[in-house]
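You will see chain A twice below: alongside chain B first, and alongside chain C after that.
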Partner chain A sequence: MRQETLRRIISFALLVILLVIFSATSDTFLTANNIMNLLRECSVVGTLAIGVTMCIITGGNDLSCGALLGLVSMVIANLYHYTAFSLELILAVGLLTALLGGLLNGICISVLKIPDFVATLSTGMIFTGLIYLFAIRNESGLITSETIRNETIASWGGSFGNGLYYSTVVFFVVAIIAQVYLKHTKSGTYLYAMGANRKSAEYSGISFVKTKITAFMISAGTAFIGALLLLGRNRAVETATGTGLEFQAISATVIGGCAFSGGRGDAIGTVIGVLFMQVLRNGILKYNFSTQTQSVISGVVIVVMLIFDAYYNEYMQKKTTKASAVAREKKAVN
Partner chain B sequence: MAETLLEMKNIEKIFAHVHALDHVNFEICKGEVVSLLGENGAGKSTLIKILTGVYPKDGGEIFFEGKQVEIDNKHDAEKLGIAVIFQELSLIPTLSVTQNIMLGKEMSTLGMIHYSAEKKKIAELIQRYDFPLEADAIVETLSVAQRQMVEILKALSADAKLIIMDEPTASLSRKESEVLYKIINQLRDQGVSIIYISHRLEEVFNLADRIAILRDGKNVGLVDREEIVPGDVVKMMIGKRLSEATASRNLTLSDKEVVLEVKNLTHLGYYENVSFQVHAGEVLVLTGLVGSGRTEVLRSIFGADPYDSGQVIYRGEVLKKNRIKHTVSKGFGLIPEDRRTQGFAPLLSVTRNVAVTNYDALAHMGFVNRAKEDELGEAVVGMVDLRPANPNVAVGNLSGGNQQKVVLGKWLTRDLNVILIDEPTVGIDIGAKDEIYDFIEKMTMQGIAVLMVSSDIAEVLRVAHRIIVMKEGRVIREFHDGAVTQEQILLAQSGLKEQAKEEAQYE
Partner chain C sequence: MRAKRLMAALLAALCVMGLTACSGAANADNASGDEAASADGEVQEAVGEVVEGMIATKEVTVNPYTDELKIGFIPSNATEANGTAWGEGIREELSYWPNITYNIFDGEMNADKQSQLVYDLISQDYDGIILQAYNSSILAAAVEDAEAAGIPVVTINLGADTAYAGHVAMTDYEAGYAIGNKISEALGEEGGNVVVIQATPGATRGEELESGFQASMAEHPEITILDEQTGEWNMEKANTVMQDFLTSYGDEIDAVFCHNDQMAEGAGVACQNLGYNDIIIWGANGESKALEYIEQGIITGTVYTNCYDQGATAARLLMMYLGSNIDTSTFTQTPVIKMPPITVDSSNVANIPQEDRW
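Take a look at the complex of A and B:
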């Protein structure tokens, strides 16, 4: 069986096992209210993770996405607080901020040839620094967190009335679009090609620069959408907003089957990974364990997944060489 | 004769004042298979690189379908319909056969791929050539042979008129090779021309319509297969440039103590039932074509790779499998095949590189004695006559020959009993080569057993006391007594028999 198929089965099975365990042992887990909440909680990280998936498929990574999400939120909050701009204009500036961030990442990595990891680590620090620059301050110059009193923004955090939150729907729509993009478009196919075998992709006329910039622009786009979802729910931005989200997002992609070496993974896998992490967090809280327990379990699961990937690949390789050796042996006997 | 497809006239290529190609002519007709032969460095790959636009030519003309053409880059070559089948690595492992073949030229509207239409097209293509392939299969699940078929389909779907195959059977089993031969014959019947590069004379004589032979960057012949026998081809490849002294060698069987013995060593998929002995002060050379399993045997002996069965015995003691530390403690050393990636750390100094194999002596409780380390660096520079004679220079900045001297130096400072050497002079200039041969000779004088892998026949004849020829993972021939010539070794490597009586002996 292919590694991808097996990994899909395993990650899905893990999710189901968690659901079964928590449903069986807790009265409050399997309630419509809790499930709807859970799906709402994971929508910000989930949306972000879809973007990161694109970067990882090209063989890279985006460590700056959390900070970019924070920066976009802060820019929007800042403009809302200090200017009289219309909401449309403010959102446009927010989107522009995100796309410039994505473009910066893409150019650093493709044109300037800085490895993804280092490039996005540095740009992430730049974004974090800018968050403080744009932070809202009181008369004495101290950073405060001001609630955004705008009905439109507040309404984004709402639900359809039956408990299904808008943000959940946005997350799933983003995931579906991403899945179609990855599997059915030229550009999506090129992400896989670039990640799995850059040289060969380039020989087929696919541009490294274009592909990388595309992936990081998408990641920036999902950071923008994530920022809107976050604003809708919290209606306030702190300097720490977004911090650490990138690691949750990357963890989810790995659980969902993305390989850091590139060329593997998809949006469905990432959704499974996101749900796994959220269900784990939610269920564990019901046992009055600390959230750190969730961290430990997620960490262990990721390590096990990575070990599995490494050994399974080696095992498959051995199997094919042995198979051809046996075929040769048979031929010699005949 | 059919219509000429490609004609290359008076092609010249000069690298740093060396004539890599000297007025070379080449031609191939439509629907013809021409085999390009020559020893390593004869100019085969340079000629192919000019044809595919990798290198610009320094002189000469290329005619394709009767028109003079300039091939400046690989797109020019593609446009003409010239395709190269790469060994491996040129497919995207996680994409399907269809996606790979259509990569970069997808059927799409507004970026959306029409996968079912693509799949249908590829399925038809597969059916037309009757390949054992599924259009939907993911490439990483395919065998090497099947991947090659995907490469061929990729070329055909781009309307290739000329397909270049470089050692295509090197990593194929016999059965898989036979499927490839069938495919080649089929392509020929459909009017596709094929340039087939191989060292395996057997298959060349099975497949080729004509054989083109290069030697030292010059044409030595373009002959019909029917008009020539393998022995003559070998003679043409070697030529008369070598004096009688180096064209053959008198081998002698050593009567000294056996230091290293390998018994029925088998690593499935790599080599099988390999047995031999190496005596003190003897140079035993393992030779054979790429893929014959020579390097793999060497690495297993050293403990760098595992093996399935058999024994490695050092002076009567059976060595542990896959334990480099253990073999090194017995006085083994390895000069690896690819010195750039396995032999040294390019950014570190000569001293540091040499010290790496000697930290057992240089360090005490984990702390390195830097003074001793520097002494060692100085000593090695003198020992191998390093140029420049500076132990602090980064090894990556040295010439190929001096880099190899550093790799040798790593082991020379130890109490060495057995040295395993893999292709020690690839990419090294002639002067430095001689120095390395001198070191090998010096080591034998000290009673060190030398086991060397080499595919350079002149080198084999220069240093070997005994020669073992491997083919497809098996030992097929040993030369141990009396005179041996280049021809004999080349014929043995390509699996052809010299005479009927030897056939009986070794079959």
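Take a look at the complex of A and C:
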């Protein structure tokens, strides 16, 4: 069995264990309403996490995705409030903002050679600053927020007749497209190659600059989609919109089997990771623990998962090295 | 049972009539855009509907005295003094109903998280929600959806930008205005210079306090606002900001207005450490530590509100709706119960008994 498949099966098994525990111990967990709501809650973080997956696969990371999501939301809200632009034009400007943000990240990392963590942490601060700059203000000049009364935007937060939210469907469609991209396109393979071994990839003619920019542009694209999903649900934007989402997205990505070192992970794993995080969050709520206890439990479970991931990586690496050594010995004997 | 329903409807009618009428000014001041423009007209319309007995009704499906009910409270921060006091006030009130399960869910100073929690409670078939919103716009959609799902929502301190069952208001605008007047009173006709340590930008409560304060300052041209910086609701951050102010302006500063007590406490300590003991410092909230600091002379005053009482009032209002046949989802205006701000300084701080301190 391939290493990646085994890792995914383990993640999935842990998710199932979590589902069984919550279903057996709470009568409000395994209800249609709760499951639909849970899936809806996955959509924003999940969509963002799909983009982050691309960056992590290249051996990098995107700490600015939450702030970029907030910035895109704020640009849309700002234009809606202050201009008479059509919604299509406003969305186009929102998408352009996202792509420019992604391009900035990509250039900082690939052309200016700034490490991913530092680059995206810094650009995240720029995006946060821009959020305040674009924030809606009242007559006294104070930052305020306003409900967006637009039927089209409100409809994005709606659901099908059976209670399945549109945002859930969008999340899964994005995940499927990302999985196909990663596994069945040349460009997707380049991301893995760059993350697994940058030097080898470059010797093979894969451009570091193009690959990194592609990954961060995709991450920016998912931040744009996430912003639309969030707007559909809340119909308003505040200066804190998007804050902290990057950490949820990164945690979910790693829980889903993405290696920080790069070269491993996929969209299906990330979906499992996102579901794991949301099931944990949603399930814990049913026990009426205090906030502190909830935080401790969530934190401990995530840390345990990450420790497991680290040990698993080490174990598989040793196993692979041992198998290679045995193969070499056999070859030498023959 | 019929008499009980009638009583409940009557209470609701009185509540809507009295409370919307007295909330008109605040709504007009605080609401934005079109809503503000039409606030007065809508209030009159809502009152008219009540008087004519046109409140939409629904079938009563629960008996609040015997049925198992679930009520959730979502404060913006469950671990801070206000959140804890509101939560305790609600718990105390609901303890009279042994059939009620009451749970608190922390919004963690995040409006989006609060929105998610509202949807969680909707999906878990909660019977009523008490909410202290972190951002009134962000929470509007979730509150609308809760009401549409037949779950009455009562808010405390900061509500949502939509119509729903009821709001117990802490009157932040008025509090900011009162503090402005207190500072101008202390500075006298000569006036002076003020610095402001603000809430996190975009936080609705900070915005309302600031608007009220600015309105008061507009009436006192002898007072100059030297500088305004955010302390992000945080004592340590406010301490640093105050030190920066003192380094930049020194003796020019006569008074400080902080958007909450924690920041006032931080500013007070900074002034003491740097030897500026005559600066007037006002906070807002009325938490017990601030009252102690007033007694010790570290800060000048605060606006006190009895959070236990606010929580209990919200719980009573919610229970009234749960026992009535009033369909709160059809409200066109939110009934508001106003808790007037009480300015507290060294002259009256001793009047607040220990049991009312939080």
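Keep in mind that, in the parts below, the second predicted complex is superposed on the first by the 286 of 334 C-alpha atoms of A that agree within 3 Å, B and C clash if a C-alpha of one lies under 4 Å from a C-alpha of the other, contacts with A are read in each partner's own complex, and residues count from 1 in each chain.
Methods note: a residue touches a chain if its C-beta (ideal position, glycine included) is under 8 Å from a C-beta of that chain, and two chains touch if they have at least 3 such contacts.
Bear in mind that the values here come from a model prediction, so they are computed numbers and not experimental data.
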**Request:** Have a look at where A:196 lands relative to chain B and chain C in the superposition and call it first, second, both or neither.
**Result:** first
**Request:** Counting touched residues of chain A, say whether chain B or chain C comes out ahead.
**Result:** C
**Message:** A:303 in the overlay: touching chain B, chain C, both, or neither? Say first, second, both or neither.
**Reply:** neither
**Message:** Tell me the contact category for A:146 with respect to chain B and chain C: first, second, both or neither.
**Reply:** second
**Asked** Should A:263 be classified as contacting the first partner (chain B), the second (chain C), both, or neither?
**Response** first
**Request:** Considering only touches as defined above, state whether A:291 meets chain B (first), chain C (second), both or neither.
**Result:** second
**Asked** In the superposed arrangement, which partner chain does A:111 touch: chain B (first), chain C (second), both, or neither?
**Response** neither
**Request:** Report, in rising order, the residues of chain A that make contact with chain B in one complex and with chain C in the other.
**Result:** none
**Item:** Contacting residues of chain A [partner chain C, same complex]
**Value:** 28, 31, 33-34, 36-38, 40-41, 132, 135, 138, 140, 142-147, 154, 157, 230, 233-241, 243-244, 282, 285-286, 288, 290-292, 294
**Item:** Complex interface listing, chain B residues touching chain A
**Value:** 74, 89-95, 99, 103-106, 108, 111-113, 115, 138, 140-141, 143-144, 173-176, 268-270, 472
**Prompt:** For chain C, which residues count as touching chain A in their complex?
**Reply:** 32-33, 78-79, 103, 105-106, 108, 110-112, 115-117, 119-120, 122-125, 135-138, 140-142, 161-162, 200-202, 204, 207, 210-211, 214
**Request:** Under the touch definition given earlier, write down the residues of chain A that touch chain B in their complex.
**Result:** 2, 4, 184-187, 189, 192-193, 196-197, 199-201, 203-206, 263-264, 320-328, 331
